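In the two complexes below, subunit A is the common chain; its partner is subunit B in one and subunit C in the other.
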Partner chain A sequence: MRLPLWHLTVASIRNRGLATVLTVVAIALSVSLLLGVERLRNDARASFANTLSGTDLIVGARSGAVQLLLYSVFHIGDATHDVSWSRIDALRSHKDVAWLVPLSLGDSHRGFRVVGTTADFFAHVQTGNRQPLRFSAGRAFDGVFDAVVGAEVAASLGYAPGAKIVLSHGAGEFAAAEHGDKPFTVTGVLARTGTPVDRSVLVGLAAIEAIHLDWQGGSRIPGVEIPAQFVGKFDLSPKRVTAALIGLERRSTVFRVQREINTSDGEPLLAILPGVTLDELWRVVGVVERVLLAVSAFVVAVGLAGLVATLVSSLSARRRELAILRALGAGPGDVFVLLMTESVLLAVAGCVLGVACLWALSAGIAPWLMAEHGVQLVPRFVDQSELVWLVGVVAAALLASVIPAWRAYRYSLADGMTVRM
Partner chain B sequence: MTTRQMLSGLCLMAFSLGASAAGGAHEHGVARLSLVQDNTTVTLGFDSPLDSLVGFEHAPRTEAQKKALTQARVTLEGAVQAVDLPAAAACTRTSVDIELPFGEPGDKHAAHADDHSGHSDAEAEYVFDCAHPAALTQVTVGLFKAFPRLKRLDAEAATAAGQGKVVLRPAQATWLLPAAR
Partner chain C sequence: MVAPGGTVSHPAVALSGLRFRWPGAARDCLDIADFTLVAGERLFLHGPSGSGKTTLLSLIGGVLRADAGTLQVLGTDLSALSGPQRDRFRADHIGFIFQQFNLIPYLSAADNIALPCRFSPSRAQRAGNVDDAVARLAGHLDLPADLLKRPAAELSVGQQQRVAAARALIGAPSLIIADEPTSALDAARQAAFLDLLLGECASVGASLLFVSHDLRLAERFDRSEALAELNVAAEAMV
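Up next, the complex of A and B:
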């Protein structure tokens, strides 16, 4: 007679309810951590890669390539130096340059970065797979005190075309540094892109000059106040910008133009290929990612060790049960399979719970991640690479459960019904 | 610590890496490879310290050194040995331009040695015409086999699919282009 092993498995798991549930929860948490780290890594990479497309070169003051990429495109960190307008103007008329979009950073609006640029920004900046920017409402800025806001700015502050906003100097921590005398009017709202553009306030370069007319060295010049209606009397042509995005006439000249800019005399400039520099960044971040992955793999190992420990410690309490099974006709092999099935079942349950946990968690934090860090977490149950990890976890559980299964096998051979507990 | 702070920290770590991209840093054993695809035209550039190719950076003094220099030129001229494009892309070589210092008298590219730094560089440029540029997914780089002193290649690409950089080493000499990653 064959014993219905799966029935016994379920019954014996049910018999040790709390310990089993805790073991499954431990495995579930470790699996969510492992998959979560992996998922965050992949989605962060995809988000970063989708931030800018169609731009051949980024030019800024000579510093680190990664630093230039981070502050100009991702609004992370600050520029150590800026570039004089004459150099940017010269680059614009370079024979290989098709278009140039200057960027002037350094001001903010209620925690969102203000980007001074030209209307070319809306024509040439592309995200994702060559997706141009679109307006969900209104139009590009035209007058000096016009502003276009990104989708996230509009959504979180409730702006629509016509709204009046005040920009702040620097990161906006001090109310005293507000450009309150020169309010801006929102003329347009950009459609959501999933990039830092969503969290930007875009104004013309002349606006950046205008709000700093009565400022010097980061603070207001005492006693000098130039009302908004008079700024037109001043020279509002840009003097310095932070960086510039460049599109070339022909892609084939990209390395030559890069070298030309990087080895040019005079004001030291740095030109980078955004995609190339992003890969350089990933090479550095890759070390940290591997450490994180190793740590979460260890956590999974700890979870599985807990599973083995639970099973092993339950074995001594189950020696009589196993002896009865043997007396009823189960072979030592059946006892081995029973234990293996139990632990694999628990590992699979842990994985399923872990995936569900991760799904709920990622659905919960996705909006915050998007708003705060511009990382688009795509909610999904499992994808192919994650499935490989899950199979790995179950395989590891299978391997680890050989220990309790083998002990049970030995007991069932050695013990009689008279075992003393 | 927020992600933002972490990334700023990482960007400091990346300074050393980024520096090499800025210009032609001369580091023995390390060379640069670049690939640009513009419609059907594919341009491959190779830029290496002469030492990585032949083991010296001065005017050849012995017969062996002269021979090494000639051999390096021959190897670089045979583009298939140096860089092999996938057959599916149906590429034909339209031009090759090798610039080696200390060339034969009368060589128009002869004067490339930098006397001030005592360093000299070798450059090669291959232009291909590829009928199916979309099939251009990888480049098999034979430069490590041809030049054993070469230990690392910083390979940068700009194609219709995007830009990217990989670091190639003798054990890992297949360059996956941005489309294939």
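Up next, the complex of A and C:
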């Protein structure tokens, strides 16, 4: 015989208001945390993987592969050494190299990195699934003191083509390190890509040389000041750059070219395959991710333990109720199912509330996360991998529910229709 | 005699040589040679505590299973039924009223009365329209309509016992078992409650097994028995 489950379950849950609400909230929060960690993990991974595409090799001074990837593409950390322009020029004319985009880093503009490069940057750098860069306004830089800004720079500083900007030496911590004598004009704004390009100010390599004419070793040469209008009289061809992105004629030659660069004599260089190095990076980050995920799984376990504790502690007060149900014809199995249903229903309610919480939260923090950390968090309810976790939580809840259900079963067997209290 | 269902009626309860011992106990708790409750009969069973009353009612209700002897309820041999079958039998054919705390506290009085119909399709069928049946029984048992919507926990003890009686009677079960239903009530309410219960049992043709330690109530019934005399094991215990 089947109990009139829903009616009883719903009434019984409603009856135990506050304790039930708190239990559900605890489960909801733990589920939000678990799914949030999982979502952040996947989205961070996806936005990292989408940062660069179409580039076969990255070349820089010899250091760690991950380090080179981080500072050249993600603008995280700094290069310890430069690469001389002659080596880069030689690589450019290598028979297997289709294109080469040099990168010169080290200056900034109001917290945004300045990237010295060539106009090839706009032709060859691709993001996401081989999406080329697009201008939302204006055009590429042309003159020495022209600059192109990324979407985020333009949005947060209110720049449009024509705006005058001043670059700073280094990360821009000191006002004294400003290249205030040589202002730049914004000529173009790039469309949003969801990558570090959005937070970059792009200038020509000549501009980098020009603003450092009267500088040496990171500070102004005392007494020497070269006004902007006279820089044209100097040799502005690049001497050193930080790194270069390389596209090959044929992708199949990538390992050979890489080996050639890595084993070449003279200035020690390092060539990396972005995808391979990204995987290497994830292996490092993966440990932290797994720890985070394990911690959130434990938090879910704590939430479910709370549910079990609430139900078990309510049982002794419900023995009379169970005895009445027995007198009305409920078997011990029905009592088991009743408690099981109640418990699983609360767990599922917790999951639903948790997903809703996460959705609201991710919709709320997505813009901030994008602006501050460049991680694109797409507000959504659940995707497939999260669904697997949710099913896991409900399965764990089902397992945990056996504890109160089994106790209720024992009670109803021992008590029968009468309660000895 | 013909039961309300229209079938030829068996005794409501017929048992012989019934023995029961709790697991781990040294002696039998119940040992009754012979006992019969005729269909439609209203029997007073004098059962002070320690007489094996709870055990006997649990056996008749099918919650416990006898160790020896035969136990027929409404013509059905309970020892031949499985646990779930006995649960089902209880739901379909027996209405219980206990001393107090009979009701599910968080359900309304009306929902409490209707509860057996949710457990037993056959009782629901016999009740017809459940809402009407609840209203009719409530009317017979002096339960005002506005009171039916209130949670059971808010009712007075007397009201709770009348709700319990209505719940036992809904869907016309053939056997009503009342275990000290009046002992939580004062004398005036005891008499009124008994009037209502006896009247309703008579009108639906249900047999009533009324267990109480209070012998003053016995004269209101068709017949009276003492469990301490029936139960050989009880004498040894007392």
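Convention: the second predicted complex is superposed on the first by the 412 of 421 C-alpha atoms of A that agree within 3 Å, B and C clash if a C-alpha of one lies under 4 Å from a C-alpha of the other, contacts with A are read in each partner's own complex, and residues count from 1 in each chain.
Quick note on the criterion: a contact is a pair of C-beta atoms (placed from the backbone, for glycine too) under 8 Å apart; a residue touches a chain by one contact, two chains touch by 3 or more.
All values derive from a computational prediction rather than experimental measurement.
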{"item": "First, second, both or neither for A:Leu328, with subunit B first and subunit C second", "value": "second"}
{"item": "Contacts of A:Arg320 with subunit B and subunit C, given as first, second, both or neither", "value": "second"}
{"item": "Larger contact residue set on subunit A - subunit B or subunit C", "value": "B"}
{"item": "First (subunit B), second (subunit C), both or neither touched by A:Ser12", "value": "second"}
{"item": "Residues of subunit C defined as touching subunit A within the complex", "value": "54, 57-58, 61, 63-64, 83-84, 87-88, 90-92, 96, 98, 101-107, 111, 115-116, 118-120"}
{"item": "Subunit A - residues contacting subunit B, complex", "value": "49, 53, 56, 62, 64-67, 70, 74, 76-77, 250-252, 254-255, 259, 262-263, 270, 272-281, 283-285, 288, 372-373, 375"}
{"item": "Subunit C-facing residues of subunit A, complex", "value": "1, 3-4, 7-8, 11-12, 14-15, 320-321, 324-334, 416-419"}
{"item": "Subunit B residues within the subunit A interface of the complex", "value": "2-4, 7-8, 10-15, 17-19, 21-24, 34, 36-38, 41, 43, 45, 156-158, 160, 162-167, 178"}
